[in-house]
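Look at the two complexes coming up: subunit A is in both, with subunit B in one and subunit C in the other.
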Partner chain A sequence: MEIDAPSSSPRKAPGRCARSGFLFRFKFFDGWAAIRAFSFLCVLLPLLMLVGGLFSVSSEYWEYVRDHLLRAYFTETLLVMAGAGTFACFLGVPLAWVLSMYDFHGKRFFEVLLVLPLAIPPYIAAYTYEGLLGYTGIVQSFFRNHFDLHLTRLTTDIPAQVWAIWVFGVTLFPYVYILTRAFLRHQSAAIFENALLLGGGKARLFLRVGLPLLWPSAAAGVILVCLEVLNDFGVSSYYGLNTFTTAIFTTWFGMGDVNTAIKLALILLALVFVVLLVRKAAHNVRRYHIVSSREKRLMTRRVDAIAQAGIILLCASVCLVGFIAPILQMLYWLRLSWDGAFTGELGRALLYTLGIAGGATLAVMIAATGTANANRLVKSRFATLFSQGATLGYAIPSAVLAIGIISFFVSADKFLSAVFPFSPEKFFSMSGIMLFFAYSVRFFTIGYQTVEAGFAKIGMVYSEASRTLGRDVTATFFRVDFPLVRYALISGAALVFIDILKELPLGLLLRPFNTETLGTMTYHFANNEALEETALPSLCIVLLGAAFILIMQIWEKKETAHVSGN
Partner chain B sequence: MFLEIDSVSFAYPGKNAPWILSEYSLSMEAGERVGIAGPSGRGKSTLLRIIAGLECPLQGSVTLDGRRVASRDIYVAPEDRQVGMVFQDYGLFPHMTVAQNIAYGLFRLRRAERRQQVVTMLELIRMRDLAARYPYEISGGQQQRVAIARALAPNPKLLLLDEPLSNLDATLRADIRAEMCEIMESSRITCLFVSHDLDDLAALCGRIETL
Partner chain C sequence: MFKNFLCATISLLAFFGFAFSVSAADEVVNVYSARHYESDKELYALFQKETGIKVNVVSANAPELIERIKREGVATEADLFITVDGGVLYSAKSADILQPIVSSLVLQNVPAALRDKDNAWVGLTTRARIIVYSKERVKPEQLSTYEDLAAPEWKDKVVARPSSSLYDQSLLASLIELNGLEKASAWVKGVAANFARPPKGNDRSQAKDIVAGVGDVALMNTYYIGQMLNSKDPEEVKAAQNIGLFFPNQKTTGTHINVSGVALTRHAKNKDNAIKFVEFLTGAPAQERLSASNYEFPVNPIAKKHPLLESWGAFKAQTIDFSTLGANNAKAIQLFAEGGWK
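Right, the complex of A and B next:
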């Protein structure tokens, strides 16, 4: 026996009353909310320090930069960013499409291999491409020795911007590929089957049905590529580009003009906010949703031999340029530099990198888990503000963040020596605390988003069941939520760890004296034209990164099985 | 009165959000089994969530066993209300076995007492031989019985059941109704059911209210 729905429409709620009191709200301020508030403050403080720098007195050099260089910084930065984003899109979208739609030999192998270019930091890829395509590199040597073809114009006539776009494209396209693939994986088969039945062939299916559906996901990937390009220092510096990040470094270290560096950092930050606004606009535009409740997941289709050969050639080419060729070049350099490769300096850099990356990863995951749990427990405008503010870190370019953090810790040192005259001089600014803090702030977003996604998958029902059975919020987290989201936490930790390993500008700007990370060590070797010497630290970064990516992929599958109880 | 819901109003956050519940009142005596009927979207589940402490009412108050648990200035957390709840999709912890699920709310008991209570509950739902199974290894009807046993195990003052039979097919539904009646009668607990199906409520409750 069913009861009919009422005919009257629901009434509008008047203004809130019971939950508006401060004391009532305070009941929900527990340890979890405290972690969230602390995370938010950590991200906000460096930014506030930067805004303070905006009102500092302008130097003569700033006037020179403003009148003569600023236009070049804008042009070069935007050109490389747009080029890299477009190139990554051209690689990532077709790959995601063919791997989602078709079945072919070696598909599983390519699924793993196509994500691995993310393990190669773009600046290391830039060094290896110089090694591969330079005058003494394998490509030119091969053509010169076997066919008497001189390809010197390959490196001299092609502009540095094009090389930078190439390097960014082949190493960062997995962002577009992963997001587009994830989107297609959850699409209904009915849409594509109907389109095929209506005729027009595969090309029409891709252009008229596939692209309009997947473009918001592809755009989200392109935005990530753009943010990475804006953050980059290693590639721009190696190719001698006049981007904002290189300008900040030059102004700061070359000219010693911190005020101008802060002003440039703020312009770069404004550029980042424009990119984020574009992302928001792309997110808000019309998205197409499946209207049928009886959806069948997309099934891959077997293709004929010629098409299969074409797909395999496409996947193999991208894997070759994005991962295999740089790795082979590094191995070749390692063979050349083998005798002096294993030094104490490398061991110290490896230990320091692993230590600080491990510590910062732990800090990020604790803060991210606390913030995500606080946000799911009590939803409010403050919660939204806290989470949005705390996730700004990843969007802020490293050079900008570093300036804010240095300003903050220099002030903290001054305060410390004023209050405690016997405290060690420059306690914060001379130690690894700054770098640790910077890594934690910058990569908080990645940890937070992974944990949030993990919590979203399990929902609230288990936590609520636990609380009605007498367990408080904290006991519920450790006994119920944590075991269910542990794979998401591990994946998040792996992702944060990989990003810290790859990060270069923060290491260059904030590491303590006489201390190297693997990234800064690689950079210094390359800067001194000792490309062979970059092999071992680069391989350490890339192989560690690749191992963590593989672990992440395995755990992601486990997580899906675990939450669904299979 | 054992449970007194006095002019409770609720709306989810958001500008111009509609009232889910508007000045709703209900009273229950101890040991009573009351059913609340009503179509989807009328706030039946929300009412149970307010009683359990999973939501706070915007207006009105809830008094349980003489103690005010929710009002304008009072909020007692779910873990301090001694209210058991059976969720629509049961919410059995997927990483725990049937026995571990039932034992979960018995953490205040000593180990031997806890073990004894788990055995009692497993016997009540006639699933002693399935104690070591995980939720995904048992049927929907068995999951539903485990959810009831888990909620009953800590001896709550009040048991709330949110559409407990909605996930079951018609054949199983009739069997489970009879079993549930048996379990509720033997445990003599005060129960509040919500369902959009009047047949379920008529079979399980002594009194039916509409929302």
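Right, the complex of A and C next:
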């Protein structure tokens, strides 16, 4: 059920406040706006620390990069992004369609399984695909050793870009699938039934009715895929691609040219903004398809045996390439590296990852809820700027963000020891606070967007009723709004948690002494070209992620029931 | 109401803050390391056992660690910086974040050629970048030098990794130093014209592609061969047994070797402990462990090599100053980009 926000202006402050003098107005400025301002500052400060670099260092290589390399960066980045987006679309949309329209054996099972590839970080998928299909991989060795069949060309003739597109596609298509499926679930049956009555076949129903309706949701999913690809470092560096992120690493850290690196980062940022604009456009289009709650929902239909077999085959093969095959490969590696795989180090990495990801998720959700609530209470251009600005944390490549954060905390430490002489030395930069802060800044947007969407769903009617009945803003939030959005908050938290689990460069650069996250452990083994050793930490990441995705799905179902019930 | 909410938030954040702060031990040495080998971890533990000094480690990629030390300035936590590649050590030195290691024991352990001329860093191990070839299709007599890989007879027979690899960048940097910019540029173009497929993969994948018949020759670091021969994956062992090793340029400039080294940071807080640790790392027992578990060549001449390395025999190595690898790095990146070596 879609509930529109009432037309009364939310800009109006409660009567008590408007009447009172300066002190009271100051009080209204209190909590929510303060959380918003604090969140915004946290995101902005580390980025400001970088801007200094733009002016201080001479740009030795910029002209060279611009003349020789920029075109390659553009084409490779756009190629991989477009390829991955298209591939994800080709996987996600048909799957969402058949699962929404038809009933078949094992449907519930596939419904769950098809979301799980999201738990596999693309860089780990890249390692496992090398392990599966490479020369010494299980597929090639099997055919070579048992049938004397040499499938070398299988892997060597496929360019690295195609591998990258494949890896991104099979791990990220669930974004498209989830959003399209959610859209179809809320569609009226009338449109489709009428189309069928008018004599359209199944294929025509999909092409002529389904696609025009669902494309904005599919596009929203594709855009998430694009954003992930733009920010990726692990996969591009593994396949040696010349994308903007790898270029930023090369110019900054390889050539020592901060200025050029920041220029490249700005171009990347511009690309991200273009993608975000497209998302906004797609979002606006979707508004034309609001469906009344009185309509009958789409009913799934049972299909004949052959069609069923076809559907099951489709679902099964996507599950196989996206989730089961990589897991099997990891299990095979685990068998090879079994001796000495279970070390205290792994246990510590697991605990550390859980702790820091949990803590950062909590911080993100508190900041995001505060900001979103402040924004819906007082809508202003300033508020929009706040939330748009916070998106920067997600848009900037992690390694660049990390350097900004280090600069920020080094200054913070200096300040701390100057003001409090007895404070522990290097309180910030010696502790996990830096990494904790970085995760929070980076994934703030993810949390914010889910909370904002949750608030949009419940609208303002209940809160305004509560305020009219005399509760203040904060009490209204805890008594009225929070119970209504809590499911959105939980699924948002799960999303942030999974993203932190999958994150790599921040962990590499910012974790304190003697600590590893599961991601950094995996990376070190892969970096030493000892892929079989990556099995255990990878499996931990994937299984944890999968568990949280399942939790998220269960809560989302509850939320649907919950909001519809109201 | 809001106050309660705020208090709860702050106390939660504080809890996580303290939960993740590190408790400082009495005697420590803080290391930023870009070497992520298991052998290193064993040595850290051994040093602590022998001396009671705890080794704290952050490991990440070298260039980012250098940037971190730079940004931290006087406040840096790092006492030692450990990395692979002479070029990287050079850039650490030119970033002005190092100070000389003053210890007669270290100077005695490490020959002058394998440390910086001001002792801003000292070598820990070396590795050679050699030519590996298909035992089936190539006779070792056909091979001679790196330069020869650009000859037309190797058309469609060379497999290589992308030029983003530091190992190839350093090799090219050494060729720029030895042969001049023009010849080095021609070499890149020549080798790129001989590629059997576009550059991709890591060192091990080059060896596998040779065994698979995609190409006949490739460049590879020596320790990867050791690691493959001792891999837990039986298919990888099989692949490694089917490639031949050739140490090129024996009659000319010598085989390209690179160094992994340790450096003392300018603002090290635990300098004495750090120097003790460097003395330990360059001592024969630690050197032998490094060679035994990671198949690298020890820098300390009295340390015994792993039998596998011993079996390869002695070879003539390049004698250029390692700092040139760093000085020529940017030029090497440019030549690769211009020459079509992706």
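We adopt the following convention: the second predicted complex is superposed on the first by the 437 of 566 C-alpha atoms of A that agree within 3 Å, B and C clash if a C-alpha of one lies under 4 Å from a C-alpha of the other, contacts with A are read in each partner's own complex, and residues count from 1 in each chain.
The rule is short, and it goes like this: a residue touches a chain if its C-beta (ideal position, glycine included) is under 8 Å from a C-beta of that chain, and two chains touch if they have at least 3 such contacts.
As the structure is a prediction and not an experimental result, all values here were calculated from the model.
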Contacts of A:K379 with subunit B and subunit C, given as first, second, both or neither: first
Contacts of A:G310 with subunit B and subunit C, given as first, second, both or neither: neither
First, second, both or neither for A:G31, with subunit B first and subunit C second: second
If touched residues of subunit A are counted for subunit B and for subunit C, the larger one: C
First, second, both or neither for A:G240, with subunit B first and subunit C second: second
Touching partner for A:R467 - first (subunit B), second (subunit C), both, neither: first
Which of subunit B and subunit C A:V480 touches, first, second, both or neither: first
First (subunit B), second (subunit C), both or neither touched by A:Y64: second
Set intersection of subunit A contacts, subunit C complex versus subunit B complex: 472
Complex interface listing, subunit A residues touching subunit B: 1-6, 9-13, 16-19, 21, 23-24, 27, 379-380, 461-462, 464-472, 479-480, 483-484, 562-563, 565-566
Interface residues, subunit A side, partner subunit C - complex: 30-31, 61, 64, 68-69, 130, 134-137, 141, 150, 152, 156-157, 159-160, 237, 239-240, 242, 246, 249-250, 252-256, 336-337, 352, 355-356, 359, 362-363, 366, 399, 402-403, 406-407, 410, 413-414, 424, 426-427, 429-433, 435-436, 472, 474-475, 478, 508-509, 511-514, 520, 524, 527-530, 532
Residue numbers on subunit B that touch subunit A, as the complex places them: 9, 11, 13, 16-20, 22, 37-42, 52-54, 56-59, 71-73, 75, 77-79, 81-85, 87, 89, 91-95, 104-105, 107-108, 134-136, 150-151, 154, 196-199, 210
Residues of subunit C defined as touching subunit A within the complex: 1-2, 5-6, 9, 12-13, 16-17, 19-22, 24, 30, 36-37, 56-61, 63-64, 66-68, 71-73, 75, 77, 91, 95, 161-162, 164-165, 197-205, 208-209, 211-214, 224, 227, 231-233, 235-236, 238-239, 329-330, 333-334, 337-338, 342
